[in-house]
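Single-structure report; data block below.
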Amino acid sequence: MTSLFTRPDGRRADQLRPIDFQRNFTRYAEGSVLVSFGETRVLCNATVEEKVPSFMRGEGRGWVTAEYSMLPRATQSRSPREATRGKIGGRTHEIQRLIGRSLRAVVDLAALGERTIQIDCDVLQADGGTRTASVTGAYVALVDAVCGLRDRGLISASPLREGVAAVSVGLVEGNALLDLNYEEDFRAAVDMNFVITSSGRFVEVQGTAEEHPFTQAELDALRDLAMAGCLDLSRLQQQVLER
Amino acid sequence: MTSLFTRPDGRRADQLRPIDFQRNFTRYAEGSVLVSFGETRVLCNATVEEKVPSFMRGEGRGWVTAEYSMLPRATQSRSPREATRGKIGGRTHEIQRLIGRSLRAVVDLAALGERTIQIDCDVLQADGGTRTASVTGAYVALVDAVCGLRDRGLISASPLREGVAAVSVGLVEGNALLDLNYEEDFRAAVDMNFVITSSGRFVEVQGTAEEHPFTQAELDALRDLAMAGCLDLSRLQQQVLER
Amino acid sequence: MTSLFTRPDGRRADQLRPIDFQRNFTRYAEGSVLVSFGETRVLCNATVEEKVPSFMRGEGRGWVTAEYSMLPRATQSRSPREATRGKIGGRTHEIQRLIGRSLRAVVDLAALGERTIQIDCDVLQADGGTRTASVTGAYVALVDAVCGLRDRGLISASPLREGVAAVSVGLVEGNALLDLNYEEDFRAAVDMNFVITSSGRFVEVQGTAEEHPFTQAELDALRDLAMAGCLDLSRLQQQVLER
Amino acid sequence: MTSLFTRPDGRRADQLRPIDFQRNFTRYAEGSVLVSFGETRVLCNATVEEKVPSFMRGEGRGWVTAEYSMLPRATQSRSPREATRGKIGGRTHEIQRLIGRSLRAVVDLAALGERTIQIDCDVLQADGGTRTASVTGAYVALVDAVCGLRDRGLISASPLREGVAAVSVGLVEGNALLDLNYEEDFRAAVDMNFVITSSGRFVEVQGTAEEHPFTQAELDALRDLAMAGCLDLSRLQQQVLER
Amino acid sequence: MTSLFTRPDGRRADQLRPIDFQRNFTRYAEGSVLVSFGETRVLCNATVEEKVPSFMRGEGRGWVTAEYSMLPRATQSRSPREATRGKIGGRTHEIQRLIGRSLRAVVDLAALGERTIQIDCDVLQADGGTRTASVTGAYVALVDAVCGLRDRGLISASPLREGVAAVSVGLVEGNALLDLNYEEDFRAAVDMNFVITSSGRFVEVQGTAEEHPFTQAELDALRDLAMAGCLDLSRLQQQVLER
Amino acid sequence: MTSLFTRPDGRRADQLRPIDFQRNFTRYAEGSVLVSFGETRVLCNATVEEKVPSFMRGEGRGWVTAEYSMLPRATQSRSPREATRGKIGGRTHEIQRLIGRSLRAVVDLAALGERTIQIDCDVLQADGGTRTASVTGAYVALVDAVCGLRDRGLISASPLREGVAAVSVGLVEGNALLDLNYEEDFRAAVDMNFVITSSGRFVEVQGTAEEHPFTQAELDALRDLAMAGCLDLSRLQQQVLER
């Protein structure tokens, strides 16, 4: 059932939160971007390693992979560290696999050469949408790392085919909303994440209805919102990279 | 690029593999179904436990959860056991979370009462689509477990709102295909899994393009294939449950 | 103290349960046998790998080893998965070591060549005697795997010196019984497992009296029962392999 | 094939190594015995805890259990610590379960009262037979712990029904030998361990033929050797306890 | 041997790096301080939990504890995550125990009441001295958390007896230096860490000579440097807290 | 506040407990010393391995490292084994790193050649000061292992630059005491451990005030006690090595 829903921060249904990319946030990483989607802040560091996983050795192709973690007090109440619990949870596994796949979809691994770009996404503050902010910030860090390789003469052409960004959408009290914050996410009957390239093609589609299955019309409305949102994010990525 | 593609087993693009449900496959479980999607065979056992996880205690609501595993030699070459490796991999985590969410979406947890239904999906033989076969078979095992509760007078009305089934779809050489076997899955540029209720509403949508992002038109075509496939599966579930 | 004891399923004291071997139960394994000892059912899959453990490399000898696991709901109440608990329990360790040793005792490892046969015994349903059913079924799967090697011309002569089978015996209310089911096993004061070759020689003898130590006369009676039982099992293995 | 075999230390085939029990080896444990079987030395400490495992609570019965470990340099070459490897190996599991069962077989757990006696067997030096030395020494430490309970008035009658000891036997070049040292054990075609009460009844029988199955006549010969050896050990335990 | 040594950043031997404290760096934690010692940056978050560890329950006293971690790319080359390796290393253990002890030394745990203050120190960028920056920043976060408790009326008087700060000192080519950066630390023959209260008393003294043991005169010189350095840090903490 | 304090065993404040070194305590290790500091007894075994950790390979330098463990019943009440808990605790990590660093400080690793000396310190009985007894005993075992290398002609000159010993000191009711036993350690406001070479130079200084920070004068008094104590220990090591 649809009801009139006022977003906690007064945004329109199809409006992104304030988006920010702070490049060179740390000194040592080959790419280091602090991305903000509103109050959600993720540090995305890219590391270039001149080797590939053993199962790929000698094939002349590169690899891009990602790890994801939340600082224990990124959230309103503290969560135990996965290092202390001795294992990585299912949610973390899902997210880091998603980030890796999303980036690889726009990279020509042969053109990258036999090296790995390892992305670390560490959530400093979480207000919903950490995985989509991670993908979106990781792409900017990836571009910086790739530019470094070109500047050092290790590659000639860019292995990046196009850009990639991600955004969440959801149904809250029957309203299709773009870029949910934590409060909205908590109240959403349906939660979807889209990863979309700068040319408007889909890399990942993930939607879940924990309690209330959704109709085809709702699915299509969410898809449209996400396509427009990712297009905006691609433009913002481009702007920050041109500085 | 689309080319004429002949499926290895001669099926039409929109045709399911032979589907079979063998109820009461083992003696002790409250529901026990060996489901086959072609050569993929998954044993789905449902266990009723008269308790809920500690975070839910005293709320009067029930819980449905799932675990998933492959026998080491379910596949063409042997995979090490997760018990031997000492931890559960990311893929397994993803799948068992998917199965649990899919079933909970059609269960009225309050009507279930303060008890847990634990589903174990163990893949005896894997030829693609093990997660969708798991969801589809698990639903049948869940119905059997719920009927047992009713027969023993522990619940009066059924907590099941409707049925649920799952199917994979994918793009192979530009063709949208239903219910991919392993060989097709291996060659697919895009792989999607849909979980859809018997009334045609969406519970889960998961799509991944490892290398080639896909267009909106392709997304819509895959969605339509999956809706028709899940409708067929729902009918087959109903038939076997009426025996 | 000995009392008249009627077996739950009406068997004579020296009678095996109905024994069945279903060969080629799954498609991919080099040997795949579903063995039944009454209601106990174990899937025994044999995998041939063209390598040996590192400590044996370059010696020209092969290896045979085994892993054992129970599906969580093989039993009357559900047991947690060892993969979920993150480690393999002591009982599992004992059983898988026993299966491996039992098979190696009848294999000429030099004649096998520098390859490993890995046996996976997965208990689908457990009603007592899962380790003895595992050994007995694993031998049949091993023969099938070895025949496959010969058919492919990888070995010329069979590396199998003779057959091997296993059976449990026990003292229940003073009666020496062959091939205990779960109910009998639960009530047994003494529980023994024998692994015996087709020529009637001993590979493993394991006997435990949790509460009541047993006399030499009782030990000898149990030994005689087991010898006759294994002889029967060897004949049944031979029959199924000749089909 | 039997050949004339001279034991490395000149013993007769049916002769134990020099056996020694050093009581009160450490200060704090309720029973503390350093047992020697020749060069094999095991420190057996018994701890009394006024609680039982949770699954036994409120039943008024006690529990006896054991842990076993080797110091890394107990052996000729160093073995990694199980704590460092992060898990306990299969062999350790087998041995500690054996020690616990062996002791419980001679204890009236109801007479012990709702408390646990925890035995720790730590091998300081290993020259074969560490598990049999552990059982034999652990019994003496158990008696000391039980006497302490009686001295403090916590129990009135002894919960010990009789004594228990263990010994290894084996076939080396066709000779049945008692109490094998490491060199003999290494060369043995068959290795058996017997746990036998002071009244000559069997608690555990474990025999393994890694390569050469053995006949019934050989089994019977080993059994006779072990019975005589354990009788001797029971006498030696009695003597040291009477001091 | 002492030689003239010019510090890489031109500091005097007894000079701290530029020190900065950024309070309220994240939104949710009860205290959140980004501390900088030159290029070393550590995020110190304080969480108040209204419970204590089980071993302290019902005693009416509080607890202060800490966890420490480095982001993988805090350093010049990437280090694997401890969560991924499945365990926390020895160095991490040492550091988090040090931070906890250092803070507890200035807290009246009874005055804190039966609650825990959990400090998380996450190193965003590491250029030497991460543990001393952690202690020094954690104290400021602790004060903020304690003030929050007072503002909410949960405690009346401050449980903080005095301030605490930490600094590293070391011998580089015979020169006693204050607050070593990574390059200096790498070249230091002796590395010491002091934790000192604002009244000039010692909480922790840790000194290590990996290769070249040091004399009493050198120990005393390092001690004096550290005392002056911690006094400066205490003044800076006070200043930032008065803002 | 200082008060008159009588030590439980009547020692003077600056007096060591009875110190004893029993060489060749076990047969197989290249050095094996049972060291006693009063009732504290630690078995220190040195193992020579003709290899170095992978990160040092090919550099022509050796390595010295240590592991430390307590038997479960070394203490007044039993502690769970770290192997059973599946991980090594923070305290153990700290101690074994300390022992390794302490020994390396007096070894010329280049003169040792490309081999590892692995020290295992296993505490059989603990009455305070187990880490300082471990360092002190480990040095004697190290000397024995090094002499064995020289006797076998594998090295010509000794790689040991000088001796090393360790002792604890602490403040108990305001009194600076040498070599604390468990009861004193439990009551100490400040606990320090010093590792000092036979020439009176410092290798490690570790001091902790859990509740009451200490003054510079107290630090200096503790330092002086420790220097005298280590000098005595060096003499005792020398004496036992000359036997």
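The first chain written gets the first letter, and so on, giving A, B, C, D, E and F; residue counts start at 1 in each chain.
By our rule, contacts are C-beta pairs under 8 Å (C-beta built on N, C-alpha and C of every residue); 3 or more make two chains touch, one makes a residue touch a chain.
Source: prediction; values computed, not measured.
Seen from the C-alpha centroid of chain D, the farthest chain centroid is that of A. Chain A and chain E, compared by their mean Cα positions, are separated by 33 Å. Between the Cα centres of chain A and chain B there is a gap of 28 Å.
Centre to centre, using the average C-alpha position, chain D and chain E are separated by 51 Å. Residues of chain E in contact with at least two other chains: 86-87. The ring sequence of chains is given as D, F, E, A, B, C, with chain D as the starting point and chain F next.
On the chain C side of its complex with chain B, the touching residues are 26-29, 32, 39, 41, 43, 45, 47, 49, 67, 69, 71-76, 78, 81-84, 86-88, 118, 120, 122, 124-125.
Taken in their complex, chain F has these residues touching chain E: 87, 89-90, 93-94, 96-97, 101, 104-106, 192, 196-197, 199-216, 219, 223, 227.
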